[in-house]
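You will see subunit A twice below: alongside subunit B first, and alongside subunit C after that.
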Partner chain A sequence: MNASVPHIETMRSQLGRARGLGAGHSGVGHWWAERTSAATLLPLSTWFVVQMFRLGGADHAEVVKWGGKPLNATMMAALIITTFYHAQVGLQVIVDDYVHGKAHVPARLLVKIGTSLLGLLGVFAVIKLVASSSSAK
Partner chain B sequence: MVELRLPRNSTIGIGKTFPAPAGAKNVKTFRIYRWSPDDGKNPVIDIYELDLDTFGPMVLDAIIHIKNEVDPTLTFRRSCREGICGSCAMNIDGENTLACLKPIKSIEGDVRIYPLPHMPIVKDLVSNLDGAYAQLRAIQPWMKSDSAPPPDGERRQSIEERAKLDGMWECILCFCCTTSCPSYWWNGDRYLGPAVLLAAYRWIADSRDEHTGERLDELEDTFKLYACRTIMNCTQTCPKGLNPAKAIGRIKELQIERKL
Partner chain C sequence: MQDIRKALYVGSRSDGTLIERPMSPHLQVYRYRLSMVLSISNRITGVIATAGAALGVFWLGAAAKGPKAFATARKVTGNPLGQLVLVGWLASVIYHTVGGVRHLIWDCGHRYDKEELNKDGPVAVGVAVGASTVLASALLCVAACRRSRRAKAGKAV
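Moving on, here comes the complex of A and B:
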């Protein structure tokens, strides 16, 4: 073998590379989810900020009582679920942009699992709030 | 992972300086990227001090002057010198544009000229666009129609239908937009880029084309279409004043429209 001849790793035609594995036929759902969750978060976040101002200076018992109300608990759960869903969808975009090669799939999984667990934790905190509020009565 | 710095063999040094001719009154400095595949050296910036009174008003006039009178080794593409062939696309003063349409007067300070960003370099200001051309071919930028054309003439189109192609047929495929797109820099192997997506939408919007659905099918992909992050560099940089970002937005709208 002639060592001075440079090794060429990719000889596939440019058209073959451009076509690649073909279209994945997904992406619309993700794009739509990103936008609908963002739109949903607008009223939910506004509600949350207003509530936090109203609860300013409240003691623990008052907050527990507030969290035990069905409407507040529902809104909190909706906010937490939408927030972490939006985070999942959005972080996926960042992973797609910046993480290439072998790390791509693990990074995608990490985002999915991480945001799901954090969201679940938030929802259980709301459930706990509701439970402690009803037992306090 | 993301590359935060240039590879070692891409860091740019300082090259030769070509001083202005004696007696020159209207001198402007041109700093031009130079790289040759033959000598195994890193790229350098050569500095050319030119007398603006000795050639025409555009950046292309300046680099043609350099090639003819100062340094015949400078390599670049050019053809029509009037903004219709797209050959002289390069990065001038930090923005991708056509050298033939860029007035030297519009640039403050030194004129910095680089090849189109983030593409393999053939030599000096000539970047290799083979990948982008193949992506264009992959979207089949020609009319696909199953109905036979009228035997006695062309396929007809209303004035309204024809108007939908305005802002797209003008694209000259200089790839200023595609090479200005960070998303294309990150994922150019899978993302089609603004120029190709504009061309794709040009056929999606054409009333005579009958393969609209198949075209949308082929674009529905996390990267091919949806790697567009609406950064808008494409629209900002287009030397023809076109709006590829809008065309991409329209494709996304149609993808939603057919699902909801």
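Moving on, here comes the complex of A and C:
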């Protein structure tokens, strides 16, 4: 059948298939995840901007010394985890809105894997900084 | 049929033949409003902020890897083009933050009337531009000062 002509492929009417499905049953949790991570990022990113005044133009030894302090490492890890969690949740909405059909699931997976790996890389960099600054003493 | 929502677009004429119902009008039929630019900007700056955060993680990774990798990273961050990227990241994060705060205010049920929305839009732009300019120039100055001080100290030793 010509694809441009509207047609119904199954015996069951398409409206009947769609009706009663209701909402996705998980949207509210996603919405809360987006808002709570956003609110958490406000103090964390403010802290980061303040730290950037200390680190702007810094050399390697200064950055290692900074990263070795437990408070900085904790805040940095929290910032990285929250940032990429918020990015994951936010990018998922963009993918849901603009990517349809067969590309949708791969795009969703790409967002999930990409943001998770970047977050992990950041956390391990923080751990490595702590380790290397304690061995430098 | 890939998308179940399309089921709602298939209707039937009185003679029984199927017809695709018209979709709602798309963006180009609407008159330009500041609020719609600010809305899509919040999304775009969110994506840019994520890309910048990815670069930030690579910077941290370079610091963790060692002095040699960090020297390469500093070449990028000290480069005028690299600094333009950093300023763009900062501005995106700031705008996304301002937009995000507006969303949180709306979620609490405030400032969501038409007049309030139209009043707050220019304020949001002003705050974002002002904060970006002040923070970006201050950060670049601090970084440049620290560099030149170290260069002088290096010469003295």
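Annotations for the structure displayed:
We adopt the following convention: the second predicted complex is superposed on the first by the 115 of 137 C-alpha atoms of A that agree within 3 Å, B and C clash if a C-alpha of one lies under 4 Å from a C-alpha of the other, contacts with A are read in each partner's own complex, and residues count from 1 in each chain.
Keep in mind that, in the parts below, a residue touches a chain if its C-beta (ideal position, glycine included) is under 8 Å from a C-beta of that chain, and two chains touch if they have at least 3 such contacts.
All values reported here derive from a predicted model rather than from experimental measurement.
Using the contact criterion defined above for the overlaid structures, shared-chain residue A:A73 touches neither subunit B nor subunit C, since it reaches no partner. In the superposition on chain A, contact of A:A103 is made with subunit B only, not with subunit C.
Looking at the shared chain after the overlay, A:V63 reaches subunit C, while subunit B stays out of its contact range.
Once the two complexes are overlaid on the shared chain, A:G27 sits against subunit B while remaining clear of subunit C.
When the two complexes are overlaid on their common chain A, residue A:S45 makes contact with subunit C while staying clear of subunit B.
Taking subunit A as the reference chain, the count of touched residues is higher for C when subunit B and subunit C are set side by side.
Residue contacts after overlaying the shared chain place A:L15 against subunit B and subunit C alike.
Residues 13-15, 17-18, 100-101 of subunit A lie in contact with subunit B in one complex and with subunit C in the other.
Within the complex formed with subunit A, the subunit B residues making contact are 1-2, 130-131, 133-135, 137-138, 183, 186-187, 189-190, 217-227, 229, 252, 255-256, 259. Of all residues in subunit A, those touching subunit C in their complex are 5-9, 13-15, 17-18, 21, 35, 38-39, 41-42, 45, 49, 52-53, 56-61, 63-64, 67, 76, 80, 83-84, 87, 90-91, 94, 100-102, 115, 118-119, 121-122, 124-126, 128-129, 132. On the subunit A side of its complex with subunit B, the touching residues are 13-15, 17-20, 22-28, 30-32, 93, 96-101, 103.
Across the complex, subunit C meets subunit A through its residues 1-10, 18-20, 43, 46-47, 49-50, 53-54, 56-58, 60-61, 63-67, 70-71, 74, 78, 93, 97, 100-101, 103-104, 107, 135, 138-140, 142-147, 150.
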